[in-house]
Amino acid sequence: MSKRPPKLWPWQVALALFVFAAWWGLTATHILSPFFFGEPLVVLQRIVQWFASGSIWPHLGVTLLETLLAFVLGTVLGVAIGLWLALAPVASALADPYIKAANAMPRVILAPIFSVWFGLGIASKVALGVTLVFFIVFFNVYQGIREVSPVILANARMLGANRRQLLRHIYLPSATAWVFSSLHTSVGMAFVGAVVGEYLGSAKGVGYLILQAEGTFDINSVFAGILVLTAFALLLDALVTLTERRLLKWRPPTIAETL
Amino acid sequence: MSKRPPKLWPWQVALALFVFAAWWGLTATHILSPFFFGEPLVVLQRIVQWFASGSIWPHLGVTLLETLLAFVLGTVLGVAIGLWLALAPVASALADPYIKAANAMPRVILAPIFSVWFGLGIASKVALGVTLVFFIVFFNVYQGIREVSPVILANARMLGANRRQLLRHIYLPSATAWVFSSLHTSVGMAFVGAVVGEYLGSAKGVGYLILQAEGTFDINSVFAGILVLTAFALLLDALVTLTERRLLKWRPPTIAETL
Amino acid sequence: LHAAPPEKSKLTIAVGGKPLFYYLPLSVAERQGYFKDEGLDVTITDFPGGSKALQSLIGGSADFVSGAYEHTIALQAKNQFIRSVVVQGRYAGIALGIRKDKAANFRSMKDLQGMKVGVSAPGSSTHIFLKALLAREGLPPDAAAAIGVGTGSSAVAAVRSGNVDAVASLDPVTTQLETAGDVTVVYDTRKESDQRALYGDDYAAAVIYTTEAFIEQNPQTVQAVVNAMVRALRWIQQATPDQIADIMPKEYYGGNEALYRQALAKNYASFSPDGRMTLAAAQNVHKVLATFDPAVQQAGKLDLERTFTNRFVDAALKKIP
Amino acid sequence: MTAAIEFDQVSVVFPARERGGAPWRAIAHTSLSVEVGEFVSVVGPTGCGKSTLLNLAAGLLAPSAGTVRVFGQPLIGINRRAGYMFQTDALLPWRTALDNVTFGLELRGVPRTEANERGRYWLAKVGLAHAAERYPHQLSGGMKKRVAMAQTLIVEPDILLMDEPFSALDVQTRQLMENELLALWQAERRSVLFITHDLEEAIALSDRVVVLSAGPDTHPIGEFPIDLARPRDVAEIRLTPEFLGIHERIWAVLRDEVLKGYVQTTT
Amino acid sequence: MTAAIEFDQVSVVFPARERGGAPWRAIAHTSLSVEVGEFVSVVGPTGCGKSTLLNLAAGLLAPSAGTVRVFGQPLIGINRRAGYMFQTDALLPWRTALDNVTFGLELRGVPRTEANERGRYWLAKVGLAHAAERYPHQLSGGMKKRVAMAQTLIVEPDILLMDEPFSALDVQTRQLMENELLALWQAERRSVLFITHDLEEAIALSDRVVVLSAGPDTHPIGEFPIDLARPRDVAEIRLTPEFLGIHERIWAVLRDEVLKGYVQTTT
């Protein structure tokens, strides 16, 4: 029961080092062309340079801001509309094909329209990110609400809960696992939205850096940008996990924990 | 109990007509610029032309093939790896940061690498679509497995189920709702992957048509392409819903159905 | 120089591929601080293609575009009126490279028929170049399949992986492919002879354009931008390629400075000496477009005088020797 | 006087979910009422439709035919005057035992400190003062039942619907709880509709015992007024001869019914 | 002879999930064994640790200290020789009643038609022949219990672990089921560890009744061999004087314990 799994981080670090070494080995021996796969040492050097000179911060700041806004807005909208439609069957049946159509629409194509509506600044990137995050959260909230135990729901209604209280005390806590599952995917999508948005037209941001680097065959900077973004994505994901743990502390240990 | 909700499709059709009329009204009066928002009548005409002349089929065929492959492959991989990691706690803890990092990576940027590995044909678009679909399915399967009722699991184990049988008879059925929730999002993402892939370099496909139309500022063809894609996405989604209904016929009616 | 303060000092200039040599004068003006000298606060927003940059202008999110002159004509055919205010490049600077293993059997442009040719994006100037080449041989515009392969590594990847048989590319892609021995260049509009053979005597490639409405409402702003650009062009004329390379951001070198300098030297001749446009050049461009663009063909006679103006350049040249 | 709950010719048909399957008429033409202040127990063979009846009274299920009236008003939607202790586990898994007990108070806007105080009082009453901070998955079957009981009773509903509330408890604890329930009921003369499969319990607690027939088409086949003196002690009353007499009479009816149901379903 | 199940100085401590909370030692230094072919019942106050004990025997929970042995072998992981009927609902919601019953057979590779035949036979045995095609959510509480019983018994395990299997059934049905269980046990002399809060049931069925103390630190405080003649009829045997004598002796021990537990937790 109380046996803890063995410490994992040495293994993770070892794995990271191994991946890095493999990358280095494969590109140094030209088995993978360094033209496309970069040189790991140069990539590291580039990252160090960026942070040492501080030249990365204005770009990183913009990208992180866009990501956070897209993540928060997309999540809030997804949860709100997911709740609403899950609890209003007629509205839901009516909206169903439109939601699905919007979800299937290749949004990247609409980037020019976004820039008409939202300008070339942060807003249009946030809008792109929101459209990615929204649907992921929405579908999970929608399903999560439908999975609420009917007995628990009936119990709360008998105890006198009105609609708002049901939402607060039954639907939301019960859909929490669903929401968080979608948030893990969303963290990534928010970053993708921001970077692709920048990639499609911007004057700042890590996506802009990467676009320029690609245009000049500077694959090492491309990888450096990707690595920096990934590091921050892991940070944001860790925050999500932390919140999840706090909110779900009432749960029985999961299978993985008991096995 | 047995009260059916009122017929909805007349309302949905009415809503569709209204949206179309609004679109027409706004662009005809130049409140929305037709340069960006197209002319609905021309868009319809374009669609009719495409199908009447049959010129759309080779493009549509390619895009649908890519989408289906990306959808199927991404789903299979997502389910398989989701199951594996959810059931192997050490592997999962080890892989965790890597999965999250891969999820957060702005994949579109890797398109050049994809085209090195997979060429400019169908494969690279499928690869892009798979990376989008995979993570959505993966995270939901992973969470779905962890949500399996411990009592039901214990019961099956006591009845003699081995690991494979647990998978088949407990984990999979119990995670079905989770999987399908992710599939609805994935349908859209598979289309996005295919079209963006085509958009980034291709010689065929609806994405290519759209890109070409954009290049010549033929916004009507862009919208026509989007509409055609959306129609097929709804079709695919309907298939998913049908399968879902069949697989989940054992469930108690959901709240929406009883309210 | 400061005749009157610009009506609008915060400006956005959209560009499809900022580090391209095609748009080098814009970067010079920025790096040398010429915009600031004019009292302008310019944000240069980069897009993955010229058509995207153009869309942002029409949508009202950008004030100017640094882009291909072709667009002003193509758009007039669609009743959108935009005008070039200063020319950056006289030559298209586009080259057609044939992949090494196909080059041996490549005798004439007619052999393009049935080939898969990489262009930066369908509809972009590289695509126009390809269609013009085909049209000159009397082939239909889709005789060769144009495949969008982007302007950077993805274009190189497309060639190396054998996904395209040929590529119509700008620098630095061309130089990259050439020096690495991936392609043989069979047509090169960085060279005056090829440029003239394909497009005619006078031509206009990269320009700065904006909408007619903007010019009307903000003449001082336009003047300020043109002033800065003309100064940049004049500076380029008296600088050596190496001096130019020196002032460019290091990121443009893409980790290979030698290659960058080499490519810059090849493109040096293509920059406009004074920023002026001629009607002959406009007619040439129109003639090329009309060989294949159905919208331009259908539009019939276009008012080419309305697609450019030398008014601002001439005013700038008066002050800048 | 209007009844607290009145079933008027009520039927419930569960539609077949599969096409081709036969619908199941769980309850047929049942009329039954619980007067204000009355304690009515319902007994019947397992699976006959007792819980279904309670769901009707709670307003969680609409009858396929007939009417349910609460204090004279036809019941539409949820029954706001009733508290319902479910047969299955219905605790909120994300709340501790104490927070589960105080849930109804919180919904009514009772201040936190007062709610907690009353919650602890009730937890002690059901013998769970030591488990206030445990989550439902950390409670044993009988403990969950007791938390559910405290959760239902703390809000003092006018009508109490209880579905086998004590079946998971040992005899001793069960008697303590039964006495607790009787005291509460007597103090304010609430109306109680009580389901049990323990006939002794039914007699010891009730003013009236209703016997249901085996399903399908379940309906009452006997009503027995219990005229034992109040207040009662549930342990002692079982030993009185009157009790035994009543028990025998009801048992005669019930036993046949159970056997009938069993035979019917086996063949 | 080695015992079918042997608890050897077993303790179970549930760690506190909150930091600062006290861990709960549910079971302390308990030694207990079930011989091969023996029917042992465990009684004890609600929440004392009976289900925890069964989870240990099933191998679903590892003891914090001590050893559990099955047929002489220390138990690691799941107990493959045992069938476990859980206290809570454990049916597979995506399978009909029949498919739930035949689940164990399917896992063993029994051909579909044979499995269905045996499944229907068992469903009839528990009086649910008419409900074969219903899904668990369409079954009443008592019906679910009976399906679970058929599900556990159909695979004929050597050791039977049963956690209050009959508590949701009316007396009559319960007695039918009890007789069914006894017949099955007697035919093949399986070993049974049986939990109930009904002392009469425990005595009527068992060879030995174990009384557990109230928690925490639950441990056996009395073992009573039941030397009533076999085969027994559970309804009749309750009326014999020997039965009443045993009942009285065990009850004396048990009642005190329940009250002790109650007082302990209330104050």
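Read from first to last, the chains carry the letters A, B, C, D and E; within each, the first residue is number 1.
Going forward, a contact is a pair of C-beta atoms (placed from the backbone, for glycine too) under 8 Å apart; a residue touches a chain by one contact, two chains touch by 3 or more.
All of these numbers come straight from a predicted model, not from anything done at the bench.
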Shortest path length from chain C to chain E (each step joins two touching chains): 2
Remotest chain, chain D as reference, centres from CA atoms: C
Pair of chains joined by the greatest number of C-beta pairs in contact: A-B
Chain A and chain B: spacing of chain centres that average the CA atoms, whole Å: 17
Gap in Å, rounded to a whole number, between the CA centres of chain E and chain A: 48
Whole-Å separation of chain centres (CA-atom averages), chain B against chain C: 38
Gap in Å, rounded to a whole number, between the CA centres of chain C and chain A: 37
Touching two or more other chains - residue numbers and ranges from chain E: 17, 88-89, 135
Residue numbers of chain A (touch at least two other chains): 33, 36, 112-113, 116, 199, 214, 222, 252
Multi-partner residues of chain C (each touching 2 or more other chains): 55, 59, 150, 152-154, 156-157, 160
Contact set on chain D toward chain E in their complex: 14, 17-18, 21, 43-47, 49-51, 87-89, 124-125, 127-131, 133, 135, 138-143, 146, 164, 167-173, 176, 197-199, 254-255, 258-259, 261-262, 264-267
Chain A - residues contacting chain B, complex: 5-6, 8, 11-12, 15, 33, 36-37, 86-87, 89-90, 92-94, 97-98, 100-101, 103-109, 112-113, 116, 135-136, 139-140, 142-148, 150, 153, 177-178, 180-182, 184-185, 187-188, 191-192, 195-196, 199, 207, 210, 214, 222, 226, 229-230, 233-234, 237, 252, 254-259
Chain E contact footprint on chain B (complex, rising order): 151-152, 154-162, 165, 169-170, 173-174, 176, 250-252
In the complex with chain A, residue positions of chain C that touch it: 12, 14, 17-20, 43-48, 52-53, 55-56, 59-62, 150-154, 156-157, 160, 172, 176, 251-256, 260
Residue ranges of chain C in contact with chain B within the complex: 49, 51, 54-55, 58-59, 74-75, 78, 80, 116, 121-124, 127, 145-150, 152-154, 156-158, 160-164, 293, 295
